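Heads up, the next two complexes both have chain A, just with different partners, chain B and then chain C.
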Partner chain A sequence: MKIKMFSYSQLDTFIHRLSGLTKLISFLFLSFAVMLTYDYRIMLLTLVISMIAFKVAKIQLKQIKIVLLYVLFFLVMNIVLTYVLEPDFGTEVYGTRTILFQFNSYFIVTKETMFYLAVKTLKYFSMIPLGLIFIFTTNPSEFASSLNHIGVPYKVCTTLSLTLRYFPDIIRDYTNISLAQQARGIELSKKEKFSKRFVMTVKMVIPLIFSTLDRVEVISNAMSLRGYGKLKKRSWYSYRKLQASDYCVCLLSLAVLVLSMVMRFYVTKTMFYYPF
Partner chain B sequence: MKTMIEFKDFSFQYKSQKKPTLHHINLEIKEGEKVLIVGPSGSGKSTLGHCINGLIPFAYPGKKEGKLFIEENDSEKLDIFSSSKLVGTVMQDADSQFVGLNVGEDIAFSLENNAVETDKMHEIVKKVANLVGMGEFLEQSPLELSGGQKQDVCMAGVMVDEAPILLFDEPLANLDPATGKLVIELIDEINKTQKKTIIIIEHRLEDVLHRPVDRIVLVNNGEILADCKPEELFATTLLEDNGIRLPLYVQAMKYADVDLGKVKNLADDTDYDLQDQKEKLVHWYNTNKTDVKKIESAPLLTIKDLCFSYDGVKPILDHVSLDVHQGEMISVVGKNGAGKSTLCKCICAFEKADAGTLTFENTDMNDLSVKERADRIGFVLQNPNQMICNTMIFDEVAMGLRNRGISEDKIKEKVENTLKICGLYPFRNWPISALSYGQKKRVTIASILALEPKMIILDEPTAGQDYRRYSEIMEFLKSLNEMGIAIVMITHDMHLMLEYTTRSVVLTGGKKIADATPSEVLGNEALIERANLKKTSLSTLAAKAGIEDRIAFIDTFIQHERGHQI
Partner chain C sequence: MAYGVSAFFGCLFGPVASCLIAAIGHTLNDFIFYGSPWWSWVVASAVSGLVAGFAYYYTKLDEGEFNKKTILAIIVINVIGNAIAWVLVAPCLDIVIYAEPVKKVFLQGLMSFAADGISSIVVCLLLTAAYSKTRTKTGSLDQE
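Right, the complex of A and B next:
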């Protein structure tokens, strides 16, 4: 069931119907837009867009719970470390110092630092959903086919979708191998020293490699027998032509990127926009 | 009629091998024929298949002599791609040749490679999927399909090419008996309705003969030993001599000295007519009839009301209760997905049961870890390559003991003992890579045996093995059983169940629906139907001979067979 966690789920929503290429491009555009700046307005805009997309794509909270927990963990770590290492960081960035509260001479709480940390949190939250939407709503084969259509060699594209096809099988092999070894007395839980666990895990890779190699031989024969590699080009069962909606979405995300650039280079002329 | 395949004094030697694998093969297959190629492992039958579909020389280079024509084309001038236009191949393991992320995509794979337009491709896929009855499943991922459905998809994937010849390389290897029957029926239908030439390579003769074939080609040591109609082949001893198992009903007739020439339609396992030979069979039955004695011993493992579910909604095991007695040999049977593997995993604590109790020799096992249970019950995976993780045989067998912190002197003694029992002692200093498949299987069993369990569970111990290796593995397990170790086997093989086990547990939909002697299970048609098992041809034979007690007839056959074993 762990595998389901990260996999494409098949639904019929506006987002799912978009081409994988559109989703990749939009993801990149919007991410750049957010990365370019610390302007909270741009981030709020992206956040709103990704929240709407999230809603439309009908992604369930339970699908992303684990990922979200990881993100939160790293976010909290990041914020705490940033503060502990340099409580006056906001002043360095924004140039002013408005002290709100003071623990001692080192741990001061300034309005600027608080604002900086808040913007940083916002940045995380506006970018993460975009990545998740891409992962959860893109049909890997369809994505491979669109990559091929923009000029990526088809062998690269099929390798991508084959990896996804066989990943669950290899995970299942590994689980079987690991259980069988545990039954022979290999302790893989925390009870064992890390170094020993490490050695054991490496040892279990041997049967995994052998069974995977067996698999590869069978697959590559099966593929040749069905004409794989015969022609210079290849067509795709899952290919979808780009629709008007695809162009619209790309344009929309490009617009956000342009807006972000304009704000950054011509309006605020700074990476760190501070309204106060 | 057109000759589709023609070998003319054809020999082949793999590049990596010192001797030729095929010697002076002469074989002709005509358009629309259905030919079965049989032979033990290593006989050269797969090599013959590879020559036909072009994997030789594409994937396996070597030296060819003589001529091979495929649909009147000289194979010298064909590359793998033009061969694949003439010969469609369905390989042994449907699971690992499934290249698409869903059914539609997998069927389309060959069309994609031929750059057929996307719209047209969808049309063809739909049509062919309907032919094999998978039209409703185009969006399904392979993880959601049963073994038989995967096999159907593979067939469809080959049929989109419209190749005139279809080659099936051991299509039954991983299927439960009833599903295998359906696959054979589907192949027969394709042969009849699509007018395809069909070549089936398989050693499970009886299962293939569920539908008639035109000819059987017997291969061994790289030569063709026979090429004739099934009934002609049955009349000789060639099949038995070359390690191929006769259909059980034919074997029974041979035991009874039936004159096979006088049986009408001998090769059709449901429609043959014994005519005046009935008497001989009845006579044989009456003189050989023996009572099977039941052995009662103390229970070793007691399972009560075991329940398990992955998602809390759909039960995989539904209140299963079971006793395993000391020194028993049991088979667990049922269709793919009936819960057989899950049951065994719950016993070993690989999966945690939701409810129910496990008692082993009066101690409660519920709180024991994987490792602690392994001291009592060993588990052997189907594929030895998935278990072996040392390079030397000695180390592999010693591994479990070393992990238990036993002194090296003691380990040496124990390992050597185990190796002696398993007949591996002469090889103790060999690298494992030098062993054959059957020997590797022994090593994995030895590595479990070294831990001195009182019970061993084996998942499909003989899957994909020919009769000789099957007997070898099973006789070995029987000898362990005679030493007092209880053995539980998950299996699809009705022969194995009949011949070697004293009790069969039948699971369906996570419920235990029967727990009886194998002959009782296979004598009960309703049960066979429910559990996707296959009626043994012996019960049909008993009925045809007018013997009322079919179960006793089956038991008599097995007793007689055991007496004849090597």
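Right, the complex of A and C next:
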């Protein structure tokens, strides 16, 4: 299990210097801007912005290769499913039907559906970099503090930062258990049948859960001994004061969101913009 | 598989805990594997965790009780929770937020209902069975 979790790397770029709160807010604004519309112009705009941010934050392609593969797999599945179930979905949303060619009376290929699927692909690809930039450039402990500052109760935030803090420990426990099992002669590599390997993995989860439960007890005792949860508010070590650049970035992302809403509700007056 | 774990923690610590576990787990998982969370399914996960957590009130795992009633409670509650989450909440939010095709989201919902429902019941039962064995039963001591 060599999952590289939250490969946050401490670099000194413009994006890294922004406060976590700014990055969270911009991430939410921009992803809502894309979520709310099927207008490819908004998506292209977001895509360009996030590509620039990628360059500025010095994120390497090899860091995100696995994510891209997963997304591609998910996307292809989604597109195939959409097409097989509703080959005429484009007509439903755009109102016109231009048949390009047809296999039989059910599987027709219309210009509208193809356009819809292309826009959908673009939609996925413009949403994904936003989240990636956010997790690659935000210090995990700052993540919790920024969530608290947008109004999430601090107990939830602490839970989240504890999750992030203990994830590597749990992975280590899992590796230890798995190595211990293998030292006793249990085959977990690809030589063993898949079904047997699956059963063995489930069996390994049980000691993992128990070690986690022990840890839960230790941590929660330690926290209540220190009086956690007595007061209504909490301050955060990792909170950074907002700078001028933070306000600029927030405003820019807000502008994109407003533009997306204006386009949807006043200019094109539809979720599905179709230029033809 | 993950849903079984959150359902198990729900049996131990109650609905709020399992709701948070499911929601945070799903969000982080999405961040890592897809880059950006798919919010409608995060909400659905949270709902399934919340409902699964109600098993806390019908089981006495802390006292080492694991009998037919426990099994029945876990199965019924998990079926209800997963049904609400995947057949109702996830597809409806998909339509409202993302305007996905209706037939597709309900098919996806049914598929994940089957997969998550079965895996969460099986994993949760395995874990609760193992856990209850580590607990001393109340009234297990006899005066001689």
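Going forward, the second predicted complex is superposed on the first by the 197 of 276 C-alpha atoms of A that agree within 3 Å, B and C clash if a C-alpha of one lies under 4 Å from a C-alpha of the other, contacts with A are read in each partner's own complex, and residues count from 1 in each chain.
In the analysis below, a contact is a pair of C-beta atoms (placed from the backbone, for glycine too) under 8 Å apart; a residue touches a chain by one contact, two chains touch by 3 or more.
Quick caveat: nothing in here was measured; it's all calculated off a predicted structure.
Engineer: Go through the superposed model and pick first if A:Thr159 touches only chain B, second if only chain C, both, or neither.
Structural biologist: The second partner, chain C, only.
Engineer: Considering only touches as defined above, state whether A:Thr82 meets chain B (first), chain C (second), both or neither.
Structural biologist: Touch status of A:Thr82: second partner only.
Engineer: Tell me the contact category for A:Asn221 with respect to chain B and chain C: first, second, both or neither.
Structural biologist: first
Engineer: Of the two partner chains, chain B (first) and chain C (second), which one does A:Leu61 touch, if any: first, second, both, or neither?
Structural biologist: Neither partner.
Engineer: In the overlaid three-chain picture, which partner chain does A:Val71 touch, first (chain B) or second (chain C), both, or neither?
Structural biologist: second
Engineer: If you stack the two complexes on chain A, which partner ends up touching A:Tyr38: first (chain B), second (chain C), both, or neither?
Structural biologist: A:Tyr38 contacts chain C only, not chain B.
Engineer: Of the two partner chains, chain B (first) and chain C (second), which one does A:Ile206 touch, if any: first, second, both, or neither?
Structural biologist: In the superposition, A:Ile206 contacts both chain B and chain C.
Engineer: Count the residues of chain A touched by chain B and by chain C, then name the partner with the higher count.
Structural biologist: B
Engineer: Let me check the overlay on chain A: which residues of chain A are in contact with chain B and also with chain C?
Structural biologist: Touching chain B and chain C on chain A: residues 164, 206, 210.
Engineer: In their shared complex, at which residues does chain B touch chain A?
Structural biologist: 53-55, 58-59, 80-81, 84-85, 88-89, 91, 93, 95-102, 104-105, 108-118, 121-122, 125, 139, 142-143, 157-158, 161, 310-311, 345, 348, 350, 370-371, 373-374, 378-379, 381, 383, 385-390, 399-400, 403-404, 447-448, 451
Engineer: Which chain A residues qualify as touching chain C in the complex?
Structural biologist: Interface residues on chain A, with respect to chain C: 3, 5-6, 31, 35, 38, 64, 67, 70-71, 74, 78, 81-82, 85-86, 89, 92-93, 127-132, 134-135, 156, 159-160, 163-164, 202, 205-206, 209-210, 213, 271-272.
Engineer: In the complex of these two chains, what residues of chain A are touching chain B?
Structural biologist: Within the complex, chain A contacts chain B at residues 1, 10, 139-141, 161-162, 164-165, 168-169, 173, 176-177, 179-187, 203-204, 206-207, 210-211, 214-215, 218-231, 233-239.
Engineer: Looking at the complex, which residues from chain C come into contact with chain A?
Structural biologist: So the residues of chain C in touch with chain A come to 5, 8, 12, 20, 24-25, 28, 30-37, 39, 97-101, 103-104, 107-108, 123, 126-127, 130-131, 134.
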